[in-house]
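Chain naming follows the written order as A, B and C, and within any one chain the residues start at number 1.
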Amino acid sequence: MGIPYVGSAFWELWEAGWPAAILRGASVTLAIGLCSICLGIVIGTIGGLVKWARLFPFTLAIDGYTTLIRGVPELLVIYLLFFSSAEFVSQVTAAFGYGGADDSAYGFVVGTVAIGVISGAYSVEVVRGALVAVPRGHIEAGRALGLSRGRIFRRIIAPQMLRLAVPGMNNIWQSTMKDTALISVVGLQELMRISSIGAGSTRQPLLFYAVAAVVYLGITIVSQIVFGVIERILNKSNRAG
Amino acid sequence: MELIQLSMPLLLSGLLLTLKISIFAVVIGFFIGLGLAIARISGSFMLAAFSQGYSSVFRGTPLMVQLFLFYYGLGQLSFIRDSALAWWVIGDGVRCAILVLALNSAAYTSEILRGGFMSVPKGALEAARACGMSKWLQFRRIEFPIAMRQALPAYGNEVILTLKGSSLASTIAVLEITGHAKRLMSQTFAVIEVFAMAGAIYLFINVVMIVLLRLTERSLMRHMAA
Amino acid sequence: MSVEIPAVCVEGIEKSFGSLSVLKGLGLTAHSGDVVTLIGSSGSGKSTFLRCINLLEQPDGGTITINGELVRTRQDRNGKWQPADRRQVERIRSKVGMVFQNFNLWPHMTVLQNIVEAPVHVLKIPRQQAEEEAHALLRKVGLADKPGHYPSQLSGGQQQRAAIARTLAMKPRLLLFDEPTSALDPELVGEVLRVIRQLAEEGNTMIIVTHEMQFAREVSSEIMFLHQGRVEEKGAPEIIFKEAKSARLRQFLARAAGGPGAD
């Protein structure tokens, strides 16, 4: 009984501008994802380098950070950052209208910082793993030829590390994209939140959440293809031998 | 100090729900995941395609969307509301969370177990066939035990992820740890302290899980060369 | 010659992998106590032929009769031959022992557990009895002190001897050896050959695929030289090694004798 009703109401929704709202939400989702992963890459690179170079006692701090983030649910981290920020009152009022004022830039920032910090914790291990995976022999050859440490790092280690980190970063990107849905709890109007609002106001949760799922799936599939291309490009020069 | 006295009991009451949701989800998810993994490596194209599709959908969409889809979306359908069994599961926040978390975990588990099955040396299976073992005996005594041992580290990780996933139940009004934490944070403004306490509880469960995992690994993996 | 039923009688075996025809009508008959050794270059089909006998490879044509029992086959939808009765195959396999080139011990079990696994679960022998017999077998192959060890803790020669003990635990009527020493370091080959020789002397019916020519000459009752999926020549060891009729066989033997690891 529920499904035929959904079908017939579809055109009404189209009229009401919901598809546009969904797309808007999806673009906010992508924007948050991209900004977060950049933050995560920065954190991960610094942390990964520190751990790889074994710079005690900084490694302890990094370990504490990664253990904490990996052991605590993402939602809790988001609530921490959200509630502890001073302007949450204005954020709350902004969350109750749909499509009205633009997302408060503040919600965007809180969301980006939260997801960025989370992805950073996982990126540390990916970067460290990639650095460690650069074949010893390549580094030794550089030293035997008299190259300076800086040059060895820039020309031999770093390029290889980038290539080796791609699969791990692919995984982190997938997780990051899915984590952006969690920011809906603080009212930011990304895809999940828009779907929720739509579901609530039109009483069609099945339709809206199914559409949201399809959009997320679409983003996932496109990401996989893009990463596949990146991997293939980076590995082309590696094919010999 | 009195903050801790007030908050801790609430958070700990949430702990019971967190554990209940996580444990049921892990166990149910394991068996579904095992079935999916077997379907994937079976010769049948239909079964393998279904398993792969299931895995892609559940791993490619956020857990929160899946949760809302089941809780609110399926809850919209009259034939779900009318069915006593379906409503018993979908209508209740805790049980719905267990169901969705289990279905989600099953997708990841199936990939992990599939990796385990593929890593079983073909020779070990040949030797089993050669002494007259039936397919079922071969699976039960050789293939599954070896696959499980291979998969153990990755699976342990998945169990911890499921534990973290239980926190999403707070979005459908379930008062497990995160649910209580959110309430306390918004009511008391002692945000960092509440985070610290809730976080400590989660980290504690993590540590217990990891210790159990290491012990299991140690007893099952004695066969690996030193 | 008595009219006893041969331990194994295989006729007209054909096998192709895709368009490549590997076995072109091979046959073999062995009576109780015979030791038949298959020799030939790589690609001659000797291992594939051996594996057809216990149906680890499914032949595309021919018949297999073990202890007078014919393996029943049927054709499936694609016209390919399949065993008609899975249970028959399992039963026959429980009475045919195979020793593999790569030992194939089960890595997650100790040596003792490896040996008793099939007797307990396939032959339904009580565990206590199976373990006693297992210890006796370990003594026989020279591994009496290793029951609690895992395969990863043993050398190649020890693993292969454990694998032989595992095969013997099923009390098979026929023993198949698929290049049992090819994966071993040279200094470990001898200990395994010693065990196999002992089994031959005890009167076991054995079919062996090997490159160890000297050994083949000493233990076999019959040698078969395979070339490109056909039996080129066969006979008693003295004849084969001294007065081979086929030029190819003489070449093969010369090369095998010529250097270490020739071929």
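General observations
We adopt the following convention: a contact is a pair of C-beta atoms (placed from the backbone, for glycine too) under 8 Å apart; a residue touches a chain by one contact, two chains touch by 3 or more.
The structure displayed is predicted, hence computed values, not measured ones.
Leaving out chain B, the touch network of the other chains consists of the groups A | C.
Farthest from chain C in terms of Cα centroid separation is A. Averaging the CA coordinates per chain and comparing them to the mean over all protein CA atoms picks out B as nearest.
By C-beta contact pairs, the most connected chain pair is A-B. Chain B and chain C have centres, each the mean of its CA atoms, that are 46 Å apart.
Once the centre of each chain is set as its mean CA position, chain A and chain C turn out to be 57 Å apart. Chain centres here are Cα averages; for chain A and chain B they lie 22 Å apart. Residue ranges of chain B in contact with chain C, taken from their complex: 121, 123-124, 126-134, 137, 141-142, 145-146, 149, 220, 222-226. Interface residues of chain B facing chain A in the complex, by the touch rule stated above, are 56-57, 59-66, 68-69, 72-79, 160, 164-168, 170-171, 178, 181-182, 185-186, 189, 191-192, 195, 198-199, 202-203, 206. On chain C, the positions that touch chain B within their shared complex are 54, 56, 86, 90-98, 100, 102-110, 117-118, 121-122, 150-153, 163, 166-167, 170.
Across the complex, chain B is touched by residues 1-3, 67-68, 71-76, 79-80, 83-84, 174, 177-182, 184-185, 192, 195-196, 199, 203-206, 209-210, 212-213, 216-217, 220-221 of chain A.
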